[in-house]
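Structure first, commentary second.
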């Protein structure tokens, strides 16, 4: 498992759900195969483009004025169930990385990250989803940079003093490293027969 | 995915590697199907019983005078690669749970947990392995309670003031809850077709 | 494998093929995950909505004035081939359950059930299909309650004196129980190595 | 899916568990690939050879003076979970075939078949197990011909007036036909995309 | 693995990409299950119908005045990755078969075949793609018969003196035979346990 | 898919079957993960170590005074069926590479390679097998260098004037390149939905 990574820093890209599509990374950014890309831009997903049926049922569209986005696509046939584990690990690594930047604990609730805000309330940092296409698996995870106008109480990387480009670059590097390490872990154990 | 859990508190069980075996949970503890059990006991694994070939090559047998052990067995055909993700999540949850008990950061390096000790050095808290049997997947994870005589610098739950039985019970509950949640996450998303 | 079940008895639902859709159970009935639901209503499937290409080639649309329908959706990655086995087992259980209600033998031919009618001829009781969606497997099975206007010789639960609601409820309970039992059977056997 | 079948009628073979082994059909009977063979012989399985851990835990060895045995081996990667469905279908077909021979209802409880005996009590007709080898899936199903000395109340084909060789030959033919039909059912359906 | 084969010789069929579709063989030619069909006709694939995103990015539509086409569809759940191996083997067999017809070496570069032309330059003989549908795997491979107007330098079966109908019939026969042989090879080996 | 490769040229290794074992490459040569290694040495496989049951049944042990051996191990869960395709491709590449060295056609019959000898008879160049271990897939392919004392008519690289070390190095490089290319081919195609 060798995950290719790239940070797109030449332009902002608005995430409207159409980026969570098979071969979007290859078609738009020229990277063929298992890959994760990070980019910065607003987030504005209409209900019709949402893949989380739970959110659709709740009529909970997603909006943020500016986020750090990660799109990952996997072709190695792990299946959607296992892909949710891969997604959780990306969230876990975002949490662990962020905790090295700031002197504050980040709370993880499944695939959501929360932080305490200065007023004592808690803000949601991230959104995330894993889904399937007919021949690949896809993850979108995004972290608020700015939070004005978000539909729920949120917290952003800007107010935390975290540079989103640096955070994105390190997150992708860590993620690719752990995915390679996990594959190696799978290759180094003797099966137990009885 | 419904993971059955049990904490064995009627006896200590020495972990010598033979517990990392298909159907050990069913044969010894009567739980049939996907399950995780926790127990307390010494850890003493000879090289011949070790499944981590990397450790065998390094001639690094495992010893601890007293550990909290978790054995998990999965029959739901996720495969060894995905099982390593499941193992990492167990480690992540142990880290996250432990951080709610103590006011200290736990460092995760792959499937290992480390803590700072009072003398400023770092101690290893845990050992973990995931492997396959011909018809199931198996995980062993264990946390030092006592550390006397361990072959590397370690830290134990006792010196951290953490009750291992409570920690084990909560860890299994959290793990079963997140595994169920992950399966539900897999069931609630619309695929993307193009 | 824990199959959630529900019998919808607050309304009739016309089956026109659109119910054989991914997440229909979740979207319309709020049950997330592996599930089977039963409901009563007419059956009227246009050729354009049929998934059985054999029937489409034969120009054999499906119609019945009133049927007991079962829709089942599975997310546990067994694949379409295995799902046809699951479908056959549902038909087998319908046959076995029906034979406990009536003192008459039910003939199974693949995924079709037939009964002798009072005039000595044979009538078809059921229709059934298993198919895939990009991230789940789906089964539709339906049993005639009334038979007026059906395109082939049929027999209905009403003329057999069988209450469809009771039959549906018991069928789902039996099916869920055997699916759980089958999973446990998979978990209780020692592999043979040579 | 083309299941090759053969009935071995040149000799009796005692089933002692060693026949439930990978490539036994190929090594002993020269049939390479997916296959089912039937033979007649005593059944005498020591605890050490039993693969059903539930029976081992109950200390319930298997004995019958004479049985009709079926061994099936599958290489087509359906997995153990799906193989239990295949096993159930074999049992279902044995039940359905037997009911065409005798004017008596056969009761199926999971993978066991029961019949009423002349004294009004119920006798067990069959034993069955499905298991895995590292590169194939295996089923053993057997039907009592004679019942003297069996450890539980049983019924045999002899007292039912059923010729075991004929029954075995027809059972294998029906099973192979339905397996082929199930595979074709998998090949004739349009997926549902939304 | 039993691959059904057919050569359609009653009509020319223009390949425009719509033939690379699930169940096209069944719907148009009545063959249900794993199958490969050969036919002769022009090749004219618009960018919008192309499945090779690399070619779409290069704006490289496919045209040939007359080709021998092979469409193969597999339902046996090998997955897209393995299907590319199946596709490569089809190309290899075309190469090996062609070399028995002509006294000239055929060069294979991945899934493309090349031959030296009489003027010393090299011409491309074939196009090929493997893709997935939601419930099957599909291959299209085609060999130029005539080459007038092709967008790249090509070579055709006609100038090589090869009868396309004979070549197609033998190719399908060889391919079906090797696929069956490969499945048997999978069924005849003892696993290695340690 | 990134296949690591290595040519062991510091020593001869006798192939006696024990090298076709899970993690042999990792344990003996320190390469963790998907890998292929080439080495030179005699070949002497007793019946008890042979994994090809067909050969065991024929009592056909394998012997050659000196061969170029390739052992490949794959952990990426393609399964044994697909691994036979991978094995065939290795044979195909050996054939295609060899034909660039010598001005003679190499005949492939499944996974065997044959060449005409100077006396007009045909000699077998290679042996090959693919098998599974409980957590990986394994291939052994070997090419005669010398042929004295082989049990069937053979041909060797020495008499063909081919340097085995060069041939082995190029073969592994070509094989790794095509495996990577095949994986990329799987990643660049749009699925067809209908």
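Every chain is named by a letter (A, B, C, D, E and F) in the order it is written, and numbering of its residues begins at 1.
The rule is short, and it goes like this: a residue touches a chain if its C-beta (ideal position, glycine included) is under 8 Å from a C-beta of that chain, and two chains touch if they have at least 3 such contacts.
In this text the structure is predicted, and so the values were computed from the model without any measurement.
> Keeping to the contact definition above, tell me which chains border both chain B and chain D.
Looking at chain D and chain B together, the chains touching each of them are C, F.
> When every step has to jump to a touching chain, what is the lowest number of steps that links chain A to chain D?
The fewest touching-chain steps linking chain A to chain D number 2.
> For copies chain B and chain F, work out whether under half or over half of the interface numbers are shared, and give different or same accordingly.
Under half shared, hence different.
> Give, as an integer number of Å, the spacing between the C-alpha centres of chain E and chain D.
42
> Roughly how far is chain B from chain E, going centre to centre by Cα mean, in whole Å?
Between these chains, centre-to-centre, one finds 50 Å.
> Which integer distance in Å separates the CA centroid of chain C from that of chain E?
Result: the chain centres lie 40 Å from each other.
> I need the residues of chain E touching at least two other chains; which ones are they?
As it turns out, chain E has residues touching two or more other chains at 22-23, 26, 32, 53-54, 75, 77, 79-81, 131-135, 183, 186, 188-191, 193-194.
> Which chains touch, pair by pair?
Contacting pairs: A-B, A-C, A-E, A-F, B-C, B-D, B-F, C-D, C-E, D-E, D-F, E-F.
> Once bound in the complex, which stretches of chain A touch chain E?
Residue positions touching the partner: 23, 26-27, 32, 75, 77, 134-135, 190, 193.
> Mind pulling up the chain A residues that touch chain B in the complex?
The contact residues of chain A facing chain B are 20-22, 50-54, 78-89, 92, 96, 99, 105, 108, 110-111, 129-134, 138, 178, 181-183, 185-186, 188-194.
> Across the complex, what residues on chain C touch chain B?
2, 22-23, 26, 32-34, 75-77, 133-136, 183-184, 186-191, 193
> Taking the touch rule as given, give the residues of chain C at its contact with chain E in the complex, in rising order.
Counting only chain C, the residues touching chain E are 53-54, 57, 79-81, 131-134, 193-194.
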